[in-house]
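The data blocks that follow each hold one structure.
The two complexes that follow have subunit A in common; it is paired with subunit B in the first and with subunit C in the second.
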Partner chain A sequence: MKKIVTADKLPVLWSHLAGQGKLLLPVKEGPTVLFKEWTAGDEVALDAPTSAISPKDIFFPREETYMRYRCRGPVLELSAGEEFEPVTAFGVHPCDLKAFEMLDRVYLDQDPVDELYRDRRARTTVVALACFAPDPFCFCSVFGIDPVSAPGADVIAHLDRQSGNLMLEAQTVKGEALLKGDASLLTEANGQSYGPALVKTADFGLKLSGLSENLKGRFEDPAWDKLYKSCLGCGVCTYVCPTCYCFDVEDYGHEMAGERFRCWDSCMYGQFTLMAGGHNPRPSRKERIRQRFLHKLQYYPETYGEIACVGCGRCLRSCPVNLDIVQAIIALGGEQNVQR
Partner chain B sequence: MAERYLAELTKIRDAVRQDLLGGRINLLLGWEKGHYWWQSRPLFAEDEKDLERLTWDSFCAVNLSRYLLDELKDYQKIGVLVKGCDSRAFNRLLQDNMIARERVVLYGLPCPGMLDYSLLTAVAGVAPEGIDEENGRVVLKTVAGEKTVERDQLLLYKCRDCLYPDPVVYDQLLLIPRGAKEAPERYKSVTALEELPADERYAYWDKELSRCLRCYACRQACPYCSCRECFVEQDKPRWQGRAYQASENFLFHLVRAYHGAGRCIDCGECQRACPVVIPLQELNRKLIKDLNELYGQFEAGLNAELEPPLLTYKPNDPAAFSEK
Partner chain C sequence: MTADNPYIPYFATIEDSWFETGGDRCIKTFKVVFDDPAVRDSWNHKPGQCAMIGVLGEGESMISISCSPTEGKFLRFSVMKMGKVTQALHKLEAGDKMTVRGPYGNSFPVDDWQGKKILTIGGGIGQAPLRPIVEFVKSNREKYAGLTMIYGARSAGDLCFKGEFDQMSKRDDLSCHLTIDIEEEGWDHNVGFVPQMLLDLNPSPENTIAVTCGPPIMIRFVLENLKKLGFSDEQVYTTLENRMKCGIGKCGRCNAGCMYVCKDGPVFSYSVLKDIPEAFA
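Take a look at the complex of A and B:
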């Protein structure tokens, strides 16, 4: 099923979708573009490069509540922490979509499954947006991701840059349901098609085949002694990253009322592995940097068969000292062509 | 690279090579190119081979002084390239007793102000393929052609209101001083915020801080945040909750800003490091402005011998709270 929405009707489409639940869109927020809940008047940025922070928080929010408790006299009341409403996530880039697949393996392909993640996933219709102008930080092609296709999305959207019109193509039953909307809004494509544009991203001369196997036994490699040096020890890379999925569980409140919640955590923080009694198996930035990059490049591939990076370029864009995964891969020998 | 930079780089490299090979320093903290022409990242040079990667251009924004905190554990004597703000960061750390002056050699680099890649892109309309610089102008080279822009319009936010481009402390000044600058608009946005009704001011910060991920990049990049243990990480008592709520974001940024009152050198590394561009310099500048009005003009980091106003007591200090 293929439909077209003309540029002038887009605001109507947003209102229409927002009327059916929560609508998430890339929205201009100050000088940045964030993937967030759309409200009337927001400036939608479909033509922007990837959002400053990955949209993983659609399924894995920065913070979510497991349960709430309250004592009323002798009675302890417990209630579920989250209520789930239908969500349309519109404008997810193919790299971020691929990252959802990586998070799915961690949260769904296990027993028991992560119920919060599962429920959010089930309630969400994902509309991917084919890239037409990746920014210089993008390098998804290195990971075999096609920037103009989105297997796994319910709908794929192509934006025609000249007219600003959107072509929407359903790829799943959920996607078809979404496109069965108002006929005055969504017109039949009648054989028209946009693109796909020829999109090329950077590759930095990276050679990844064999890298994961090669890293086995290199835990004490001297490369780690240098790589970490410039790291400031902040959590930017982990928080903007679409494939980082670590969280911490905490209680908030007091003995009479409160909640138990989980929130994003970062292996770049000293407290991440701090044990009761004061022992810390990753006492310095060296061990933390090593953990982060080995997790992406060796541990995740060992378990799930592919490197946990989608080349979205956010760490290249956001690290205050430019210590990103490309630098790590190069330092570890995954470079084909030294002349850049 | 502009010819001026090439000539300056040769000068810098000659000076530090002599010291590194001669053993006056065991490590040099400088910059090297990253993946892109618009990124220059920290370089930790131990030998001549490392020094080949040394660079000096319009993108050497990272403040290197902070690395001394860790590197002095491993190296006896360290050389650091310092711009104006970096030298004041050095004074900050010195005054906080975090480093020993005699174990550091400072090479002063008067700074032209560093450029902001996101501005280059915004002004060019597309991602530029490169730039040329001459006589205070920048030529942006794009697929669509060239565009010439005044250099001042492309500076990082932190560089736009810089008062001291020349290092205020150094052992060797390697380049020609640029002289003190004027910054008439330094408090412009602070003043505009002060004039807002309290509710609107609150709404402004509520919105800006709602983007905060609490990645702590601002803290980690900051030369006044040198506490060995930050209140954020203390758990007895627990000051800072982990939840991403407005109240927790406010708590973090306000406590951090107050810790910097009279100590913040306004280098703007916090704002540069922020992945969601929260205007943190406005918070810091508000405190600088208030302190100046209460205790007289004071610029942190200019002179390591001068105590910040809140670290001293004078019998005639104003007591704004009790006098009202």
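Take a look at the complex of A and C:
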């Protein structure tokens, strides 16, 4: 099923979708683009390269209260956190879509299933947006991601740069349901196609084949002694990263009432692994940097068969000292003209 | 409330609690029973497994279950007073409630060990995960070729489960060896470090499984000495501990290499462990 929405009708489409639940869109906020809930009047940025922060929080919110408790006399009552409402996530780039697949493996495919993630995932219709203007930091092609296709998305959208019209193609039953909307809004696409069929990103001269295998046994590699030195331990890389999924669980309240919640955490922080007795298996930034990059480049591939990076470029744009994953891969010998 | 949400705990009531040791980092044991009879009946743990226990408003900690399922429909946790959550736990007494979820992690493969001699080597609070093995083997003694327990602590006052050893040393189907670091009055067992006592006892590695748990420095020397005694890496088991939050291999903090201690551990054969780079960090 293929439908077209003309540029002038886009605000109507947003209102229409927002009427069915929560609508998330890439929206301009000052100089940045954020993936957030749309409200009338927002400036939607479908032509932006990518949002500043990954949209992983659709399924894995920064903070999520999953249990509330209250004592009424001798009776202790538990109740769930919030109810999940239907969500349309519109304009997810293929790199971020691929990252969803990587989080799915951890949260859905490994027993036991993370029900909080699963419920949000099940209630969300994902509309991917073919990427036609990668910026100089984008390098998803290195990971074999096609910027103009979106396997697994419910709908793929292509934006026509000249007209600003949007072509929507359903890829799942959920996607078809979304497109069975108002005929005056969504018109049949009669064999048209939008956008360049071939989009390539930078590759920074990276060569990833064999890297994960090669990293086994390089835990004490001298490269780690150099690599970590510029790190400030700020954790922004993990915050913006679409494939970072670590979290903390904490209580807020007292013995009579309160809540138990989870929130994003970061392996870049010393407290992450600090034990109550004072021992820390990762006492310095060296061990933390090594953990983060080995997790992406060796541990995750060892378990799931591919590197946990999608080349979205966010760590390249965000790291204040340019200690991004490209620099790490290069330092570990992952360049085309380097013999390992 | 999602019934399937793995983060939602059960409530358990403390039936009994007592101090094992004294001092700043004292150890208190809790005997708890699930409030829901259905949970009590369906709960099934194996020696070596852990549970996330908690106090509402304070948080949760991963604690090893220090009883064997053969002991009855209750759980025991021996908790050292250490951080925020364990301090809150220590304030609880009989009749109070704690939250419990689990059981988590793999377990000691006690069924695969049938027909073998079992040797446990513990130090301090490290006896807590070993106690279920001892109790399990005691209850199924005819299925095992032998049971030897070596347990030590800094002083007599630092030994956990003291009340249980007198009765054990009277049994002729197991041998129980206790040691403390420094001589003290009224102590009629061994004096010396656990790894040395292991060497002195000189157990044969033949058809034997050795399981050790205790402070990292003790484990290091026990592993060395087991090697000296001729134990192969496959015959030696230990447990790891790291900071944990989820207990189900999702939150990403307790890994050593690509293994999550909460899920793939806490029990590891030394033949596996020796190749994991961060295992002894």
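The definition used in the following text is that the second predicted complex is superposed on the first by the 334 of 340 C-alpha atoms of A that agree within 3 Å, B and C clash if a C-alpha of one lies under 4 Å from a C-alpha of the other, contacts with A are read in each partner's own complex, and residues count from 1 in each chain.
Going forward, a residue touches a chain if its C-beta (ideal position, glycine included) is under 8 Å from a C-beta of that chain, and two chains touch if they have at least 3 such contacts.
None of the values given here were measured: they were computed from a predicted structure.
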Exercise. Assess the superposed three-chain arrangement around subunit A: do subunit B and subunit C clash, or do they fit?
Key: fit
Exercise. Based on the superposed arrangement, let me know which partner A:Pro112 touches: subunit B (first), subunit C (second), both, or neither?
Key: second
Quiz item: For A:Met67, is the partner it touches subunit B (first), subunit C (second), both, or none of the two (neither)?
Solution: second
Quiz item: After superposition on the shared chain, which partner residues are touched by A:Cys234: those of subunit B (first), subunit C (second), both, or neither?
Solution: first
Quiz item: Touching A:Asp248 in the superposition: subunit B (first), subunit C (second), both, neither?
Solution: both
Quiz item: Between subunit B (first) and subunit C (second), which does A:Ala170 come into contact with in this model arrangement: first, second, both, or neither?
Solution: neither
Quiz item: Given the touch rule stated above, what does A:Val321 touch, subunit B (first), subunit C (second), both, or neither?
Solution: first
Practice problem: For A:Gly277, decide between first (touching subunit B), second (touching subunit C), both and neither. | Solution: second
Exercise. Quick one: minimum Cα-Cα distance, subunit B versus subunit C, in the superposed arrangement, integer Å.
Key: 8
Quiz item: Taking the contacts subunit A makes with subunit B in one complex and with subunit C in the other, which residues are shared?
Solution: 248, 250, 252
Quiz item: For the complex, which residues does subunit B have touching subunit A?
Solution: 34-36, 39, 41-42, 44, 62, 66-67, 70-71, 118, 127, 208, 211, 213-217, 219-221, 233, 241-245, 269, 272-273, 275-277
Quiz item: Hey, which residues of subunit A end up touching subunit B in the complex?
Solution: 29-32, 34, 52-53, 62-63, 135-136, 204, 226, 229-230, 232-236, 238-240, 248, 250, 252, 261, 263-264, 266, 269-271, 285, 316, 318, 320-324, 326-327, 340
Practice problem: Flag every residue of subunit C that touches subunit A in the complex, lowest number first. | Solution: 1-2, 4-8, 11, 54-61, 82-86, 97, 241-243, 245-246, 248-258, 277-278, 281
Exercise. Spell out the residues on subunit A that touch subunit C in their complex, using ranges where they run on.
Key: 66-67, 69, 76, 78-80, 106-107, 110, 112-116, 119, 219-220, 245-255, 258, 260, 262, 265, 267, 272-277, 281-282, 287, 291, 295, 298-300, 302-303
